[in-house]
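In the two complexes that follow, subunit A is the common piece, with subunit B as its partner first and subunit C second.
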Partner chain A sequence: MIAPQFNTEMEFFMDPQRCIGCHACEMACAECETNGQLPMITVDYVKRATSPQTVMQICMHCEDPACAKVCPADAIVKDEFGVVMSANTSRCVGCSNCVLACPFGVPKKVELSDLMMKCNMCYDRTSVGKRPMCATVCPSGALWYGTREKLERLRPNSTPINTFVFGKQEVKTKVHYMMPKGSTKLVVD
Partner chain B sequence: MLSSLQRNAYIAATASTLVLVLAIVVGSRRLQNFDPALVGYLFGTIFACFGIAYRFACWLQRPPTWRFFCRTGEILFSRRGPRLIGIIFSEAIQKLLLQRFILQRGKRRWIGHMTMAWGCLLGFAVTIPLTFGWIAFTLKQGTTSIYVANAFGFPVLQFPLHSFLAFLIFHVLDWASFAVIFGVGILMYRRITNPGLIATQTFRDDWLPLVLLMAIAVTGLGLTLDYERLKGSVHQFMAITHELTVILFLVWLPFGKLFHIVQRPMQVGVDLYRRLGAEGEQAVCPHTGEAYATAMHIEDLKTVTRQLGFDYTRADGSSHLDLSPRGKRAALARAHSKARQESGGYFG
Partner chain C sequence: MARPPVSEERLAADFGPHLNYAPPEGVPGREEPDDIVETHCCFCGMQCGIKLLVKENRVVGFEPWEEFPFNEGRLCPKGVQRYLQDNHPDRLTRPMEARPGEGFVPVGWEHALDRTVQEIRRIQQQYGKQAFGMLSGVSLTNEKSYLVGKFARVALQTPNLDYNGRLCMVSAGAGNKKAFGMDRACNPWSDMTHAEVIMICGANVSETFPTLTHWVWTGRDNGAKLIVVDPRLTPIARTADLHLAIRPGRDSALYSAILRELIVHDWLDHDFIAQHTSGFEAAAEAVQDYTLDWAETVTGIPASKIAQAAEWWGAAKTSFLCHARGIEHQTKGVENVSACINLVLATGRIGRPYCGYGTITGQGNGQGGREHGHKTDQLPGNRDIENPEDRRFVADIWGIPEPELPHSGYTAYEMLEAIHRGEIKGLLSICFNPVVSLPNNNMVREALDKLEFYACIDFFLSETAHYADIVFAGSLQEEEDGTVTTAEGRVVRIRAAVRPPGEARRDTAILLELARRLGAGDKFAYETSEDIFNELRRASRGSRADYFGITYEKVEKNMGIFWPCPDLDHPGTPRLWEDRQFRTPDKRAHFVPVKYHDPGEVTDDEFDVILTTGRVVSQYLSGTQTRRIGRLVDQYPEPLLELHPALALRKKIADRELVRVVTRRGSAIFPAQIVETIREDTVFIPYHWPGKKSANQLTSGHLDPVSKIPEFKISACRLEPTGQTAPPPSETQAWRAT
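== the complex of A and B ==
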C-alpha cells in the first residue's frame, strides 16, 4: 500500500462570499478519481427569487463528525489526518442518516446504488501533496488550498475560523471559513 | 470492569456459542458423525461464532443501529407486518441474492462480487454442515458402489459412486473455488488499476480479505490436484496450508471487512423503514418549502443525535435538523453573508 503523504502545512480555506456560481468546482470535482465521475461539491442559489447570491459547499471534515456517529453501519471513518472519508461501499446501507444529520448539508445519497457519497478532500491528490481539484480551478478564490502564511498575505482583512454554532451545538472542522478580521466563530442559528 | 455494552455482548456471544455447540452435539448424533480430521476447522468456526455474536451485539447497541432495529421490529410486528412479507422477499432477492445495488456501481464489479460471494456461500453451505457432522457420507449397506448422504443422521440422497452426480457432488468445493478465484481476480484487478481505490485502500480492510479468500481457494484446489494427479504425494502440505488459511480466515472474520455479510440484511430493514415512513407525515424544509424526508426519520435522528451528544436545538425550540440539506447550506451562507455585512465589507 502507498502510505499517504499529506503536506500538513497545506490547509483548506473557503469564502462563500467570493462564490460567483460558475460551477467550475463541480466540473473539476467530478474528475476526482475517488468519486467515480460524480461531483461531491454543491453550488446553490441561496434565495433565487430575491438574490443572485450563490454558495458552494464542500465537506468541512468535522473533528467529531456527526455523519460518522449517526451511521448505523459504521461505514464512515476519519483518517489520521482528519479527513472524514466517503462511506465504505461494503458497509453503507443507504439509510440517509448521514445526509440528514450533517449540519452543513454535505453528504449525497446515490439512490440507484443505495450508497452515500461525499467529498473526501480529493484523497487521491491531497494524500500525495497535491491540491484538491475544486481549489485548483476556482477562479475567484472562494475555494483556496495552501499555507496559512500565504493566505494571511493574500487576505489581510480576513480571519480563518473553524468553529460553527448550530443551535446549542458547537462544531469544529478541519476546513476553515474566511470571516471578518477578529472573528472566532460563525453562529449559524 | 466491563461496561454494560461489553457485558451484554459477552452474554450474547457466550449464549450463541453454547447454542452452537449444543446444535453440533445433537446434529452429529452425539458426535457419531463428526469427522475428527476436521477438528481444526471446528474450533475455528466456534471461535468465529463467538466473535461474530460479540461484534454483532456491540454493533446492535449503537444508538442509530438500535433505532433502526427497533423500528424494523415495530413494523414487522404491527398490523401492517403480514402485508409486507412480499416486499421483504422481493427486497431480499434484489439486494441480498442479486445484489443489484452493486450492478449500479459497475457491471464488472458486480460480476466479480457475485461470483466471489456465491462461491464463498456455496463453500460455507458445504463445509460448515460437514465440519459440524450434520452431513456425513456413508456406503449403502451391502454395496461398495452406492454412496448415501445423511443429514443429521437421516439418509437424504443416494447415488452411484462413479456417476456424473457423484462427480458434481465430490467436486462441489472445487466449483466454489473456481468461482471465488474468478471473482477475487476481478476485484484484485480493480484494486491495482483504479486510481481512486489505490489512493484510499488499506491492506487490512481491502487486500487481506481478498488475499485470504484467494489462498483458501487455491489451497483447496491443491487438495484435489494432489489426490487426482499427484497420488497424494503432497497431501500433508496441502492439507495443512489449506487448514491454516481457513482457520486464519475464521479467526479474522468477526473483525474484518467480511463482517458486512452479517450487516447487509439491515438494508432490507432500512427499505421497509423508508417505505412505511413515506406513507406517513413528511418533513418539510422551512427554507425550500419542500418535503425532504419522512417526519419519523427526522424525529428519530433528533433522538439519536441527542443520545450521541449532539444538540442542534435552537433558541426558539426548533432544531437545525428541521432544515433539509439545501436549507442548511443556505442558512450557513446567510449567516456568513450577515457576518461580512456587519463587518462593513463583503470581502477581505
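== the complex of A and C ==
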C-alpha cells in the first residue's frame, strides 16, 4: 500500500481522564464517508449515578492484533505503519470472531451489512498528512495526535504507555494511553 | 391579536422542529466542494474557527480549521453538526402572515413589509412612539447589532429596545464597568497556560464552552491547581483539585469569606492596592464579619475547603479567575462579580502574563453584541444613552438632532411585563426566543397574546414566532458577511458562505427596507456589511469599546484583532491593563464593597428544594437551531430532573420516575435522574426545551437591581412524585414539546 505522506513520527495518544463526554469525536468520526454515519469511536459513562466520568474507546492498533489472528478469512491486516485495517469487505464473513477476541472491545459487527467495521485511524486523512478527525476536534485533548516530542513538552507530568496487562496476557499497542509520570504499563484485572 | 393562528401542535407539525440527519453517504457534494469558507461556529462565545464546505450555494459539510489560533481545529458536538442547520426542511424561505384558523400562509415581501409599516405607524400614532418595542439578540454580528440599535432609535424612534444579552452576561458587564471602567475579559484564554491557580466560578466550562477546556488543561499540564465552584459535579469539576459545591444563590458569601482570609493572612499585594486601586478599605470592612464558619453555614461548603481555596489563591504568583452565568444569573449577580474581582485586585494579579480575569460570555457574539447599542441603556462603543456627550457624539454620526434620540427604555423581561400591562402594543423581534428563554414564561405567553401586532425576523419558526402576525424569512449566520467579537475580545470575520434560500432575505436587507419605508432611508444608506462596520468604527472611536483601528482587512490578515484598537496602526490589545491605566475616572481599579444577602426566593416549608437551571453540551440556548439537528437531540433527548439519592429517598422518588416540579409560577413534569453529582438540597433542570418541557415555566422573574438579569439560577420548588415511570428516552418528543 502506498502512503507517501503517512508521517510515522505522528502518534495517537488517549487520556480518558480529560474526557468531558461531549461526543464531538463520535459525531466527527461518523462524518467520514467510509463509515456511513456510523462512528468508529464510542464514548460512554462509566457510572453516571456516581460520576460524570466518561471514557472513549478507539481501536488501539495492537502490535500483534488478536482480531487479525482469529479471523478465519484473513480479512484483517496490519500495514507497514502498524495501522490495523478494518476488515476487507470482500473477505469478511461476518463471523464475529474479532468482536469476541479484541481485549478492548473495539470491532463491531454491523448487522445491516453483516460485516465487521472498526477504526482504521482515519487512513484517508493520516495517509495524506492530516490528523484523524476525532483527535482533531477533541476539545479537551483526551484524544491527541502528534509527535511524541511535542506531547512531552505540552504534558510534562504525564507519561504515555502502550503496554496493557490483561490477566496473564500482555498486549502492546500503537495507540498510547496517558498515565501519571513514571508509569510503564496499565494492568487491567 | 398576536396569538398562534392554529394549535401549537399543528405549527410544530408544519414547521418543526424536525430532526435533520446527514444521509449515510454524506450530504451530496461534500467530496468536491466549490468553496471552502473559513468562518466561525454560529454558537457559543468561543466562536471557534471552522471551515464550511459549500457546493452549489449549499453548505454540505465542514472541515476543522486548524490554523485558527484559539481552537486549532477543536470543536464541540454542536460545532461538528452545525452545518446541518443548512438545507433544513424547517428553514423559512418566504415571508408569511398568520391567518387565524388557517395557520401561517406565504405572502409576498411587499405585503409583509407594507402591513408591518402600517401597523408600526398606526400603533405609534395611536399610543405614542414608545408603544412599539423591539427585541434583539447577541447571536447577531456586530454589524447587525449596531444596525438594530440605530434602526430602533432612528427609524422606529422608540426607547423600548433590548436584547437577549440581558439573559446572558449583563451582570458581568456591570461589574466590570464598576471595577475597570470597561467591559471585556481582561485576558486571552492562553493566559491560563502558566497560571498557578485557575478558579472557575459558576461556569460549566466543559458543557457550555467545551473548547475552553483545552486551555484549562494547558494550565493544569503545567501544574496549575484547579478550583471549581458549582453546585454540581460537572465534567470540569470532576477533574478539579478542589470542588466547592456551593448552595445556589450564596456565591458572594464565598468570595467575601475568601477576601477576608486574604486580609487575615496578609496574602495581599499592598503595592498594587496602594498605587492602582481605590476602595480597598471599604471592601475590607464589608467582609470583616464573614468568617469561614459563617461562610460554611451560608454556602454549605466546609470551612476547611474555603480556607484551602483562599490559601491557594493567596499564595499564587499567577492565576486566572473566570466566571459565567452561575454567579451572574442572580439578583446579586453584579455583587457576585464584584466579589470575584475584589479577589483579583487584592492580589494584584491582573495586566500581566498569566494573571487573568474574565467572564466567559455565553452567546455567539455576547461580547461584541453587548457593546454596540441594541441594549436599551446603551449606544455604540458601549456609550451611555443618558450621557449628554455620548448622545451628541452618536446623534451627529447618525445625522439626527440629539433631542430626537430616545432615552433608555425597558429591559427585556420588563418589556414583556410592559406588554402584559398593555403599555407596549406592538413588537418587532429578531434573534430572540423569549417563550423558551425568559423566566416565568407563562407570563411571557400571556403578554405576547396581548400584542396588537407582532412581526418576527427569523430563519426557523421559533416557539415565539408562533405568536407573530408577520414572519420575515431572514438569514442564518453563514448567509451574511460581518464580524463578531469572541469571549476573549477578539474581533473575527464571519463570512457569507451561501445566499439565503428561496425568497428569504438577509436580515440587514430586511431592516434597511423597513427603515426606508418608515421614511429614514437616507440614514441607512449602506451597500455592504463593511459599510456598516466602518460606521460602527467611527461611532466607537474614543469610546470604552474602541474599534476605530479595526478593519475587515486587518481582521482577515491577523485572524482577528483584539479591541481596544484606537487607530489604524494599532495592533490591538490581547491583554488589558498592562499599562495600569484603568478606564475609571481616577484611572484606578475599584474595589466594590459587597454585603451578602439571600437570593430573591428562598426555600420554605411549602417549597423546600432549590431549583437551578442550566445547559447541556449538545444543545444551545433556546434550542431554535439545535433542537432541529438529529444527533444533537439524540445525545440528550429530553430534560431530566437531576437530584441526589438522599433527596430522592426522602421524597420517595425512583430513577426515571416522572416527577412534578412545582414553583410559585407553574409546574412541569420531568423524569428523575438520580445522581450523586449534585447537592442534596438542590435539583437541576436544563432549559433548552419549549412547551410542557420548559424549565422556564418554573423560574422566577426576580431581577438584579443593577443589571436586570433574571435570577434563573435559584427558585424554590416542591417535588411531587407521580408514581409513573417515564417512557424510554428514545420515545420522547421533548424537542418539539408544545
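The rule is short, and it goes like this: the second predicted complex is superposed on the first by the 184 of 189 C-alpha atoms of A that agree within 3 Å, B and C clash if a C-alpha of one lies under 4 Å from a C-alpha of the other, contacts with A are read in each partner's own complex, and residues count from 1 in each chain.
Quick note on the criterion: a residue touches a chain if its C-beta (ideal position, glycine included) is under 8 Å from a C-beta of that chain, and two chains touch if they have at least 3 such contacts.
From a predicted model like this one, the values you see are computed outputs, not experimental measurements.
S.K.: Assess the superposed three-chain arrangement around subunit A: do subunit B and subunit C clash, or do they fit?
M.R.: Superposition check on subunit A shows subunit B and subunit C fit without a clash.
S.K.: Is A:57 touching anything from subunit B or subunit C once the two structures are fitted on A? First, second, both or neither.
M.R.: first
S.K.: Looking only at subunit A, is it subunit B or subunit C that touches more of its residues?
M.R.: Larger number of subunit A residues touched: B.
S.K.: Figure out whether A:124 sits in contact with subunit B (first) or subunit C (second), or with both, or with neither.
M.R.: In the superposed model, A:124 contacts subunit B only, not subunit C.
S.K.: Look at A:66 in the shared chain and tell me whether it touches subunit B only, subunit C only, both, or neither; answer first, second, both or neither.
M.R.: It touches subunit B, and subunit C stays clear.
S.K.: So if I put the vertex at the Cα centre of subunit A, how wide is the angle out to the Cα centres of subunit B and subunit C? Nearest 10 degrees is fine.
M.R.: 130
S.K.: On the A-aligned overlay, A:7 touches which partner chain: subunit B = first, subunit C = second, or both, or neither?
M.R.: The answer is neither, since A:7 touches no partner chain.
S.K.: Please indicate which partner A:155 is in contact with in the superposed arrangement: first for subunit B, second for subunit C, both, or neither.
M.R.: both
S.K.: Regarding the shared-chain residue A:18, is it in contact with subunit B (first), subunit C (second), both, or neither?
M.R.: Both partners, subunit B and subunit C.
S.K.: With both complexes superposed on chain A, which partner does A:33 reach: first (subunit B), second (subunit C), both or neither?
M.R.: In the superposition, A:33 contacts both subunit B and subunit C.
S.K.: After the superposition on A, what does A:168 contact: first (subunit B), second (subunit C), both or neither?
M.R.: first
S.K.: In whole Å, how close do subunit B and subunit C get at the C-alpha level once superposed?
M.R.: 5
S.K.: Residue overlap on subunit A between the subunit B contact set and the subunit C contact set?
M.R.: On subunit A, the residues that contact subunit B in one structure and subunit C in the other are 17-18, 33, 36, 53, 155-158.
S.K.: List the residues on subunit C that touch subunit A in their complex, please.
M.R.: Listed in rising order, the residues of subunit C that touch subunit A are 21-26, 30-31, 61-62, 64, 66, 71, 73-77, 79-81, 206-207, 210-211, 213-214, 217-218, 221-223, 233-236, 238-239, 617-618, 631, 635, 645, 655, 673-677.
S.K.: Which residues, counting only subunit A, touch subunit C once they are in their complex?
M.R.: 17-18, 20-24, 26-28, 30-31, 33, 36-37, 48-54, 131, 133, 136-141, 154-158
S.K.: Could you list, by residue number, the parts of subunit A that touch subunit B in their complex?
M.R.: Residues of subunit A touching subunit B: 1-2, 15-18, 32-36, 42, 44, 46-47, 53, 55, 57, 66, 69-74, 85, 88-91, 93-97, 99-107, 110, 112-115, 120, 123-124, 127-128, 155-158, 164, 166-169, 177-181, 183, 186-189.
S.K.: If you look only at subunit B, which of its residues touch subunit A in the complex?
M.R.: Listed in rising order, the residues are 59, 62, 64-65, 67-68, 95, 101-102, 104-105, 194-196, 198-203, 205, 207, 257, 260, 263-264, 266-267, 270, 273, 292-293, 297-298, 301, 304-305, 308, 310-315, 319-321, 323-337, 339-340, 342-343, 345-348.
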